[in-house]
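Shared between the two complexes below is subunit A, which pairs with subunit B and subunit C, respectively.
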Partner chain A sequence: MQAKWISKKDLQKLVAKWVKKYAVYAPVYNGKELAFQIVEKPAQIVLDDYLNTRYPAKSLILPQSEVLMKYDGILHGVENAEKEKIILGIRSCDARAMRLLDHALIDDQNPDEYWKRKRDSAIIFTLGCNEPEETCFCTAVGGSPFGTNESDGLLIDMGDAYCIYLMTEKGKVLFKDLPDADEAQLKNVKKMTKQVEKDMPALLPKQELHDALMASFETDFWKDVSQSCLGCGVCTFLCPSCFCFDIVDETVRKERVRNWDTCMFRTYSLEASGHNPRPTKAERTRQRVMHKFAYWVDLIDEIGCTGCGRCVKYCPVNIDIREIAATALQQDFEGMKK
Partner chain B sequence: MASTRNIKIQTEAKRLLQEKAVDVVIGFKKGTLPYKMQPCFIHDAKEVEQLELNGLCSNNLAVYLNHRPKGEKTAIVVRGCESRVVQALVLENRHARENLYLIGVPCIGILDLQKLQADEQDPILAVEEEGDQVRVTYRSGEKTFKRIEILHDACLHCNHPQPMHADMVIDEPGYFEDQPYEKSYLDSFRKLSIEKRNARFKEEAERCIRCYACREACPMCTCEECFVNHSRPQWTDSTTNPAGQQAWHIIRAFHQAGRCVSCGACERACPMNIKMTYLTDLLNQDIFTEYGFEPGVDEALLPPFLTLGDDQVKFTDQQEDNHAG
Partner chain C sequence: MKNCYEPFPMHIDRVVIETTDATLKSFELTFDRKEDREEFFSKYNPGQFCQLSIFGKGEAPIGIASAAWEGDFVRFTVQKMGKFTTAIHAMHAGDPIGMRGPLGNGFPLDEWKGMNLLVIGGGCAFSTLYAMTKHILHPSHRADYAEITALYGTRNSGLCLYKPVIEEWHNRSDIEVHQAIDIAEDDWKYHVGFVPAVLEEMAPKPKNTVAVLCGPPVMTRFTLPILTKLGFPPERIFTSLEKRMKCGVGHCGRCNIGHKYVCKDGPVFTLKELQELPNEI
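On to the complex of A and B.
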C-alpha cells in the first residue's frame, strides 16, 4: 500500500485540477446541511471537523429516484454515458457499505447495470475519522474509522496535511506526483489512528449474535423491541447499506423509475392478494435487524451494518440498533419460545 | 433524582396497574442518547420508575393509540396536545373513550433539537433541565439557554398547553398558560406574494425524502391506506422529484384541515428538518375563522368536515380490525 503526503493547500490545488476533468463530489454546506454535491470551487469543500452527512453517500451511486427507461409507444433506454466522478471525503462506514452493496447488486451473470455503471465510473477517496461521533460504532461491526480496504484511497487528517494511503491503480494515478510519506510521518499516523480505534466500541461477537437472532425469530422479543416503532423509513433511507427499491411506472411522464423502498413500510411486503407475510411492526423490525446481523453473515460472513449510526441518531423514537444487538446477546431465547 | 412531577406520574401509573384499572401505561423513559427520550409501554407496576417526562419527550404519545390492540385498557400520559388528539380521535370514532385513562400533565414544552443543535457537527453530550434553564454540554463546551429560546415552534405557538378532558391532572405547574386562539405568526406568511409563498413552500417540501416519518409520527394520520400508497389509480408521483414532494406535502396538510392539533410531532420526526406545521396551521386558521372550530377542544362538537348531517356513518368493527394491524 502506497502512502503519500500532501498539504491541505496542495490538495485544494489538486482538486481545482480535478474539477476540470471529473465530476467531483464532496461534502458541501448547502445552506441547510452538509451534503455530497458536485464541487465547483475547492474552497466549498468541508473536510475539517465534519462528522458525516445525514443523507447517505449511497445516493451518488443508487439515487433515491432513478429513471430506468422511457416509453412513448416504443422503449427508450436512458443515457448510458457517465462522466467519471471522484467522490472525496466519504466516511469509511459509507465506503464499506458501497462494497457491501456490490455483493447485493453485482453478480457475474446479472449485474445491476445502473448501479455498476455508476460504480465503475467512480473513484472513491475515504476520509478517516479522527473524532468519531458518539453514535458511531463501525468498530463494533467489523469496520474501522480508518478502513483501508473499502475504497481507492484513504485520507487521514494530520493537521495541516493529509496522509494518503492509495489502494488501487485508479487512486494512485490521481496522486502520482506527490512525495511519499516518510517513516516519522507514518509513525505519527499509526499512533493517532490506533488511539482513536481504541476508544471506539468493542467488536460484537458476530457468530454469537447471528445465532442469538436466529433463535429469536419466533419469540416475543420483536414485539417488545418494535413497540415504539412508528413504521417510517428514516432508519432504512438514511442507512448506507440498505438498497431495497420499488419499480413504478410514472405514466404521466412515461417513465419507468425505481425508488428506494423499505421493509419498514407496511406496503413493502403487502401482496396483491391482500396477504402480508410481515403483518406487524414486529416482523418488519425483525427483518431490518436480522438482514444486517444474520442474513448478511450467512451470505458473506460479514455484518451488513457498517456502524454509521444514522438510524440511531435520526430515529424519531430513539430505537437503537446497538441496544437491540446488545439485548439479543443477553436473552435466553430458547426459554422464551412459545 | 426524580423530579416531583415524575414521582407523581409514577405513583398514578403504579396505582392504575396495581388496581388493574388498565393493562398498560404509555409514557416516556430515558433513551440511549443524551438528547432523546423513548416512548415506553409499562405493563408491570414494578417498572413504573422508568416513567419520566421532560422537554426532550418529542413525540406525540397519542399516536400509539392507533397501534394498540383493540379493547385494551390504556392509560396514557398526556400534555395539552396529546389530550386534544385523544378527544379528536374519540369524536372520529377511532377510539372508545371508556377504554382510555388520561394522566394529564400541565405542559413543560418540548425542546427543538434543531435549535439545540445549531451546529450539527458539534454533538450534544448532555442536556440538563432546571426549571426555566436548560444547560447543554456540547463537544466544544457548555452553553445555558432559557427554555423559551430553544422551545419547538409548535410549543411557542401553542394555545392550549394545559391537558383537557383528562381523568386526572398531575398537581405540578406547567410552564405555560392557556390563551385564546392566536396564530399571528402566520401573518407574515399570508402577506407574502403568491410567488414568494410558493418559493418558501418549495424550499421546504423539496428536501423531502419520502420516508413518511411525519405521517407516522402524526396521531391524526389514521388512514388504513395513505393516498401516496394507492396504486390503482395512482394519485401522486412516487418519486423524490418536486412534483412528488410537493404533492405529498400539500395533500398531507389538506387532510389535516380542522383535525391537526398543532403539536409539531411531524416536524420533530422529520430527518431533513422540513418545516410543515405552518401549512396545517394556515388551514386550521381558516377553519377557525370560518367555523370557530379548534380540533380536540370541545367535548361534543364535531369537526366541520365531519359534519355531514344525519348520514354520518360510524366506522364498522371490520374497518377498525383492519386498522389495528
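On to the complex of A and C.
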C-alpha cells in the first residue's frame, strides 16, 4: 500500500484538473444540506468538519429513482454510457456497503447491468473519520473509521494536509506525481488513527448475535422492540446497505422505473390473495434487523450493517438498532418461546 | 450482456377458459423472436415460473404450465385476482405481452430418476405439477421413473383444470390418477373429501418415493403432517412456494425467507430446507 502526502491546497488544484476529465462527486452544500453532487469548482467541496451526508453514497450508484426501460410497444432497456467518475470523500461505512450491494445485485446468472455500469465506472476515495459521531458504530460491525474496503484510496485529514493510502492502480494513477509520506508523518497518522479506533464501540459477537436472533424469531421480543415504530421507513431509505426496490410503470412518460422500496411498509410483502407474511410492524422490524445481523451472516459470514448510524440518528421515535442487538444478546429466548 | 429486467416480446396465441366460473384461464404465448425462444427452451425446467409483463399494469410471477415437448409456446394458467391478473383476463389471442424467464430452480427431475413419484395438487396451484407430469409422461422420459401416482383436489368439479388431458390420464396405465372434490356431486366418479383425508385413505408407501406438493397454504399445512405420518422423510417432500415478487432474480429483496430468496433459490424447496429456515411463509 502506497502512502502519499498532499496539502489541502494542492488537493484543490488536483481536483480542478480532475473535473475536466471526470465527473467528480463530493460532499457539497446544496442550500439545504450536505449531499454528494457533481463538483464544478473545487472550492465547493466540504471535506473539513463534516460527519456524513444524510443520503448514503449508494444513491450515486443505485439512484432513488432510475429509468430501467422505455416503452414503444415493447420495452427496451436503457443503456446510458457512463462517464468515468470519481467519488471523493465518502466514509468507510458507505464504501463497505458498496461491496454488500455488489453481492446483492451482481450474480453470474443475472447481473444487474444498471448497477454494474455505474459501479465499474467509479473511482472511490474514502475519507477517514477523525472524530466519529455519537451514533457511529462501524467498529461494532466489523468496520473501521479508517477502513479501506472497496476504496481506491483513503484520505486521512492531518490538519493542513492529507495522508493518502492508495490501494489500487486506479487510485495510484490519480495521485502519481505526489511525494511519499515520510516516516515521521506516517507515525503521526498511525498514532492518531489508533486512538480514534480505541474510543469506538467494541466488536459485536457476530455468531452469538446471529444465533440469538434466530432463536428470537417466534417470540414477543419483536413486538416489544417495534412498539414505538411509526413505519415511516426512514431507517431503510437512508441505510447504505439497503437495496430493496420496487418496479413501477410510469404510463405518461412511457417508462418502467425502479424506486427504492422498504420492508417497513405493509404493502411490501402483501400478496394479491390478501395473505401477508409480515402483517404487523413486529415482523417488519424483525426483517430489517435480522436481514442485517442474521441473514447476511448466513450468506457471506459478515454483518450486513456498516454502522453508519443513520437509522439511529434519523429515526423519529429513537429506535436504536444498537440497543436491539445488545438486548437480543442478553435475552433468554428459549424461555420466551410461545 | 443480457438485461435481466427486459421482457421478451411475446404474443398470446390461444386462451382457454379452464373453469366453469371463468376465474381461471390458460394463456399460451408464442415468441416474437427466434433467439428468445431458443434461449427459453435451452433453460426451461418444469417447476420454474416467468414474470409476465403488461406495460402499465406491471408484472406478475406465474408458474409455467406446459412441457417443452408440447410445442413452441409457453402456457400460463392465471387466476383472476389482482390488478395484473384482471388485466390479462381481459386479453385475447393476438394481443402482445411481455415475458421474462424461465426463473427459479424448478423440480430436480434428474435427482428423482428411478424413484416413484407422488404428485399432490390442490386448486390452481396444480399448474406447474401438470407441466412436470406431462414432461415425465412423454415416451422419452417415462422410463426414467418408476410408479407415478397423482392426487388432484379442487373445491368442485367445475374448478378442475386441464379437464380433457386429466380425463385421458385416467385411462392410461402408466399413471394412477386420483381426483377429489370437497362436496359430493351427481355423476362424480372419484373421491369426495379434502386432500389430506383422501391422501390418508390412499396411504401411499413412502419407500423409494418422493412426494411433490403444491396447493393453497391451508391444504399444504394439513397435508404435510399426513405425509410425515405415512413415513415420508422431510428431504423427500418437495413443495413450491409463492411470494410477492418484483425482479424475479434475487435483487429486489422482497421474497426472502431467512437468507433464501423464493424467486432465485426456490420456488421449489424440500420440507427439510424449510424446516431449517425461519417460519415466515
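In the analysis below, the second predicted complex is superposed on the first by the 334 of 338 C-alpha atoms of A that agree within 3 Å, B and C clash if a C-alpha of one lies under 4 Å from a C-alpha of the other, contacts with A are read in each partner's own complex, and residues count from 1 in each chain.
The rule we apply is simple: a contact is a pair of C-beta atoms (placed from the backbone, for glycine too) under 8 Å apart; a residue touches a chain by one contact, two chains touch by 3 or more.
It should be emphasised that the depicted structure is a prediction, and the values quoted were computed from it without experimental measurement.
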Notebook entry, point to check: So, on subunit A, is it clash or fit between subunit B and subunit C?
Noted result: fit
Item checked: subunit B versus subunit C as contact partner of A:L47, first or second or both or neither -> neither
Check: Is A:A23 touching the first partner subunit B, the second partner subunit C, both, or neither of them?
Finding: neither
Margin query: Contacts for A:S228 in the overlay, against subunit B (first) and subunit C (second): which applies, first, second, both or neither?
Written below: first
Next item on the list: State whether A:K281 touches subunit B only (first), subunit C only (second), both chains, or neither.
Entry: first
Next item on the list: Have a look at where A:Q64 lands relative to subunit B and subunit C in the superposition and call it first, second, both or neither.
Entry: first
Next item on the list: Figure out whether A:N259 sits in contact with subunit B (first) or subunit C (second), or with both, or with neither.
Entry: first
Margin query: Touch test for A:A161: subunit B only (first), subunit C only (second), both, or neither?
Written below: neither
Notebook entry, point to check: Touching A:V248 in the superposition: subunit B (first), subunit C (second), both, neither?
Noted result: both
Check: Given Cα centres, how many degrees, to the nearest 10, is the angle at subunit A formed with subunit B and subunit C?
Finding: 90
Note to self: Can you work out, in whole Å, how close the C-alpha atoms of subunit B and subunit C get once everything is superposed?
What the structure shows: 6
Item checked: Overlap of the subunit B and subunit C footprints on subunit A, listed as residue numbers -> 246, 248, 251
Item checked: Contact set on subunit A toward subunit B in their complex -> 32-34, 49-51, 54-55, 64-65, 131, 133-135, 227-228, 230-234, 237-238, 246, 248, 250-253, 257, 259-260, 262, 265-267, 276, 279-281, 312-314, 316-320, 322-323
Item checked: Interfacial residue positions of subunit A with respect to subunit C in the complex -> 68-69, 71, 73-77, 104-105, 107, 109-113, 214, 217-218, 243-249, 251, 254, 256, 258, 261, 263, 268-273, 275, 277-278, 283, 287, 290-291, 294-296, 298-299
Next item on the list: Name, in rising order, each residue of subunit C that touches subunit A in their complex.
Entry: 1, 3-7, 9, 32, 53, 55-60, 81-82, 84-85, 96, 98, 217, 242-244, 246-247, 249-254, 256-259, 264, 278-281
Next item on the list: Using the touch rule from the top, collect the residues of subunit B that touch subunit A in their complex.
Entry: 31-33, 36-41, 58-59, 63-64, 67, 120-121, 123, 125, 139, 207, 209-213, 215-217, 229, 234, 237-241, 244, 268-269, 271-273, 325
